[in-house]
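Next come two complexes built around chain A: one with chain B, the other with chain C.
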Partner chain A sequence: METITIKTLKDLPPEENLLPGTAMCAGCGGLLALRHCLKALGDKTIIVNAAGCFTLLSIYPFTPFRNSWLYTAMASAPAGAQGVRDALDILIRKGRISPEENLKVVVLTGDGTAYDMGLSSTSGAIYRNLDFYYICYDNEAYGNTGFQWSPSSPFASKTATTMPGRIIPTGAELSKKNLFEIWRSHKPPYLATISPAHPVDLVNKFKKAEQFKGPKLFISLAPCPPGWGTEPSRSANFAKLAVDTGIWALKEAVYGEIRHTFIPKKFKPVEEYLKEQGRFAHLFKPVRQEETIRKIQEMVDGYWKEARI
Partner chain B sequence: MKKEMLTGNSAAAWGVRLAEVDYIPAFPITPQTEIIESLSRWICDGEMDARFVTVDSEHSMITAAGAASATGVRVFTATSSQGLLYGFEMLYTVAGWRVPLVMVNVSRGVSAPITLEADHNDILAARDSGFLQIHCENCQEVLDSVLMAYRLAEDERILLPVFVNMDGFQLSFTREPVEIPEIEDVRRFLPQYQPKHAIFKASQPMAQGIAVLGGPVYSYFKYQMHLANRKGLDVYKEVSKEFERVFGRRYDAVEGYMTDDAEYLLIMTNSFSTLGKAAVKRARESGIKAGLLRLRLIRPFPDDDIKNALKGRKAVSVIDQNISVGKGGILYSEIAGVLYNEKDRPLLLSFIGGLGGKNISPGEFDFIFDSMSKAADTGEVPAPQLLYTEAEWKEMERLKKIAGKM
Partner chain C sequence: MLRVRFHGRGGQGAKVASRVLGTAAFLEGYYAQDFPLYGAERRGAPIAAFTRISKEPVLERGVIAEPDIVIVMDETLLSDPLSSPLAGVREGCVVFINTTHSREEVRAKYKITAQVITLDITKISLDILGRPVLSALAGGVAARLSGLKEDSLSKGVEKETSEIITDRSVIEKNIEAAVHCYNAVESHPHPAPLPSRGTEVPEGEGRKTTVITVPFEPAITSSPAINTTGSTPMRKTGNWRLFRPVWDYEKCTKCMTCVARCPDGCIALNEDGFPYTDYENCKGCMICAEECPVKAITAEREVHSW
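What follows is the complex of A and B.
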């Protein structure tokens, strides 16, 4: 099936399905990504949410969405999506509601849920070829509880539970878990990384995904000013820098076949991305941790070398 | 009407089939598995028009069940013991969503030690969740209770999920003659589920399970759940009356056995009540004015029925097939709470027995009746008793010897 792609920001759908006035932090990169996602998805959707920052988007009696919302729990949002999807299919098949009442079912979770606790229910849903979307807003820590380490936290980042200290000056000692590859091992019809700084790429990925019946999975980098120690006004810049340094690879996988959708002509050094973020400040002051910075650069270089671009 | 030899599990499955359930998310666990096996077979054979999906865990299972129910289909699911505890978070959650699904729990003792046979620590752990709870003594009652459970759950004055509980092994795997109602009669009693309240659909966006900030908003919704659950006492009476009219079988919230002139009462639940009834019969033969009160509706708790049934008795023994470690019998405490402000209240004795499916022998029942008569004579109530026979003790000594512990 041919999908119509858009070329510039001017082509973004004008509809807003996520309206202003939420309780999110200023400069929330995840919220910006979600706004674009919902432009692409439209308002005939139900968001099935797991515990995280975005749970506070809908606080009784307010919701910023034009679409429906179901908060489940931390571990089982994809199972909630299963229930809603199956119920809609049953009601339409049995003629109890009209096909116009159908909804796109969208799971929305943070990285804390997506990378660890929610893996069981997510794996089950992908394996069963559930027809749903999954949007993970990845701010690389348990953000809603005050930015503690999660398996998505990058190597050498400072979080509330990986504070650089005398014994461990690096911050987080483990590297970011590769959720993309975990999901890809299930060979879902569509899987992509997205960025709030690349809305055209983002919207086109949703348009492309639409043709597939089954799991359509998205991981968005989500700059988090309070957690990352950055200026709220600069979230889009950091999202862009993450792509330009090669740290956040924009890619998609159709039935497991990977394609990079945006490759910087010349990769910027990772240092440009790291040095202005509070969560990496310990790598530069009081003593420059040369070895650690070099290791991060090598990890990024290694990724792109292996990707054979 | 046909009568067949059915296990408790088959009877539950027949109830679900007759209720024309639309959706069954499932996860296997002993001793519940036969229920979902039966249902999946009927669906594969085209005898039931429902969707069956095996999910990754009970936590996911209850989530899917609640979400589907919130989208407007009739939902069934079942579990037991460890499975119930694994999904525990979602019990409170789906009750808070006010979704009218029905769930069978096949009672089994809770680990550790890991075991297979029945007691009620699993289902009673869920007593505060918001679910209504019906506890069954026999296989016919299991089938009938599933049908009644949907009427209760879907009643607009309630809109809460309902548990139907039966004992693992003693009921789940025991065949009894069960009358399978005609589908036309069932449809008269339980019409197709057509929710009038909001469900998820494109023309009607809504937020469900939404966060609240602040105690007053939280309390408002919790109080609503509580009041709706309590309303279940009245609705239950209507539903059981209607059930009797259509099917000719009557199930009150509490069942009295030889209670009319009884001076000494046992209070029991579930399948072990049959043992209690046999003990009452024997006690009657030896001249003791004995009776038994079986609690069928555990949530909402039928306070008034219990008060009335216990009025004027000399002594009452609660036999808890559960143990709140560090306190004692769960139902004993609940019944004591009901009686506290009554002027004409009986002496109330506490016994714990039947844990992990342990038998309650005739000798133990004799001991209980003995204890009641002594208490009535002296006015002194003994401390709660943990039932264990000498033979069981000796066997345990033997096992410990094999294990090298003595």
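What follows is the complex of A and C.
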């Protein structure tokens, strides 16, 4: 099936389905990604939100959404989505609502839920071929509680629980879990990585996903000013640098078949992305950790070498 | 006992300011207690922090409802019902307000009968540190108003900032800024002290329990439900802003970059296709100015005008 694609920022859907006035931090990269996701999805959605930063989107008695929003514990958002999907299907079958009133069921979670606590219930939902969307805003730590280490935290990053010190000067010793590959192994109809700095690519991916019935999964990098130790004004810039250095690969997988949707013509060195973030500052000051920086560059180079085969 | 309450916005450094004061007092030989009030809020949202200083061990716990000194690190909080920095302020209290306005203007505007001191510590912070992080500066003001020595303040700032900052020059600048603020305000008399709570437990009292039976309610009434959609704009997050984006339509090429990059969806197009922002809700993250390819957006310091 051919899908209509957009080409420039001027083609982005003008409707705002996420209104201002939320309690999210100024310069929240996750919020920017979500804003574009909801532009692409439209207002006929129901969001099932696991606990995380985005808990605070709807604080009683206010909500920034034009659609319904249901709140769940961290590990159970896909189970909540199953319940909502079943309820909608039953209501349609019984004729209580018309098929036009059908809603898209959208799970919204952070990386703590997606990579960690909610992984098994997500696996279950993909396995059952639940017809839903999953958006993960990945700020690479448990941001809502003070930026503690999560399995999504990249190698050598500083979090509240991987403080670089005399014994372990690198910060986080383990590498980021490869959630894309874990999800891809289920062969879902649609799976993609997205970036708030590439809204055209983001919207096109949602448009493409629309044709599939079953799990449609999205992982968005979400620059986080307080957690990453960056200026709020630089969030879009860091999202872009992550793509330009090759650290955040923009790709999609249809029934498990991978395709990269954007490959930088010339990759920037990872150092450009790392050096201005507080969470990587220890790699440059007071002593430059050459070995660690090289290891990060090698990990990125290794990924692209493998991907181009 | 001296009770000091700090009001700031998440990210301004109210928590660290309360720690700087507590540590300075401790190093001077006092008993001290400091802690922030955490809510389900984040950077930009109202935050409170508390410091108790005493010659006797501090047994009092919990938030400070009747402060002797109040440090308001962001003037816009005075009109924010969520924050209410003047709550519990009694005659003789010392209220410090970070503002560009004079004490007379502030007293008249907010009808404050307590002692008022004003100073634009945001400007001092931008001048010395280059960033609007006010923790050491508010700590410096609080140390002066609490009657602590300048030397204790310097040590307190050094101890607290070196736990979170690795760059020695930044620590030095924080000490410089704190001392500058310490010397920029005059000491003021404290109000008559309130009795310390938590030291005496009345015999036979306080252990009576009354069981309150809560009737069963169905989920539709017992769980919170929001029935009006799209209502957050009423919260008006515009008062989080330190800088406001201002567009130069002479330079603007209507490329839509700012519209596409605004996390809060505040930027829309006017009838002529030029972008403008909803200043009532724009948080001033300045991504628009950073991303504008022709630099048509400038950041102007937000001065709270009445």
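Here, the second predicted complex is superposed on the first by the 308 of 309 C-alpha atoms of A that agree within 3 Å, B and C clash if a C-alpha of one lies under 4 Å from a C-alpha of the other, contacts with A are read in each partner's own complex, and residues count from 1 in each chain.
The rule is simple: a contact is a pair of C-beta atoms (placed from the backbone, for glycine too) under 8 Å apart; a residue touches a chain by one contact, two chains touch by 3 or more.
Model, not experiment: these values are computed from the prediction.
Of the two partner chains placed by superposition, only chain C is touched by A:32; chain B is not.
When the two complexes are overlaid on their common chain A, residue A:257 makes contact with neither chain B nor chain C. Touch criterion met: A:236 reaches chain C, while chain B stays clear of it. Of the two partner chains placed around the shared chain by superposition, chain C is the only one that A:12 touches, whereas chain B remains out of contact. Look at A:75: by the touch rule set out above, it reaches chain B but stays clear of chain C. In the superposition on chain A, contact of A:282 is made with chain C only, not with chain B.
Of the two partner chains placed by superposition, chain B and chain C are both touched by A:66. Residue contacts after overlaying the shared chain place A:24 against chain C, while chain B stays out of touching range.
In the superposed model, A:225 lies in contact with chain C only, and not with chain B. According to the touch criterion, the shared surface of chain A, contacted by chain B in one complex and chain C in the other, consists of residues 55-56, 58-60, 63, 65-67, 69. Against chain A, the residues of chain C that register as touching in their complex are 10-11, 40-45, 166-167, 224, 226, 228-237, 240-241, 255-257, 259-266, 278, 281-287, 289-291. Taken together, the chain A residues at the contact with chain C in this complex read 8-10, 12, 16, 18-29, 31-32, 35-36, 53, 55-67, 69, 196-197, 199, 225-226, 232-237, 281-282, 285-286. Chain B contributes residues 22-23, 25, 49-51, 53, 55-57, 59-61, 63-73, 75, 89-90, 93, 194, 200-203, 205-213, 217 to its touches with chain A in the complex. Per the touch definition, chain A reaches chain B in the complex via residues 43-44, 46, 48, 55-56, 58-60, 63, 65-73, 75-84, 86-91, 94, 96-97, 100-103, 120-121, 123-124, 128.
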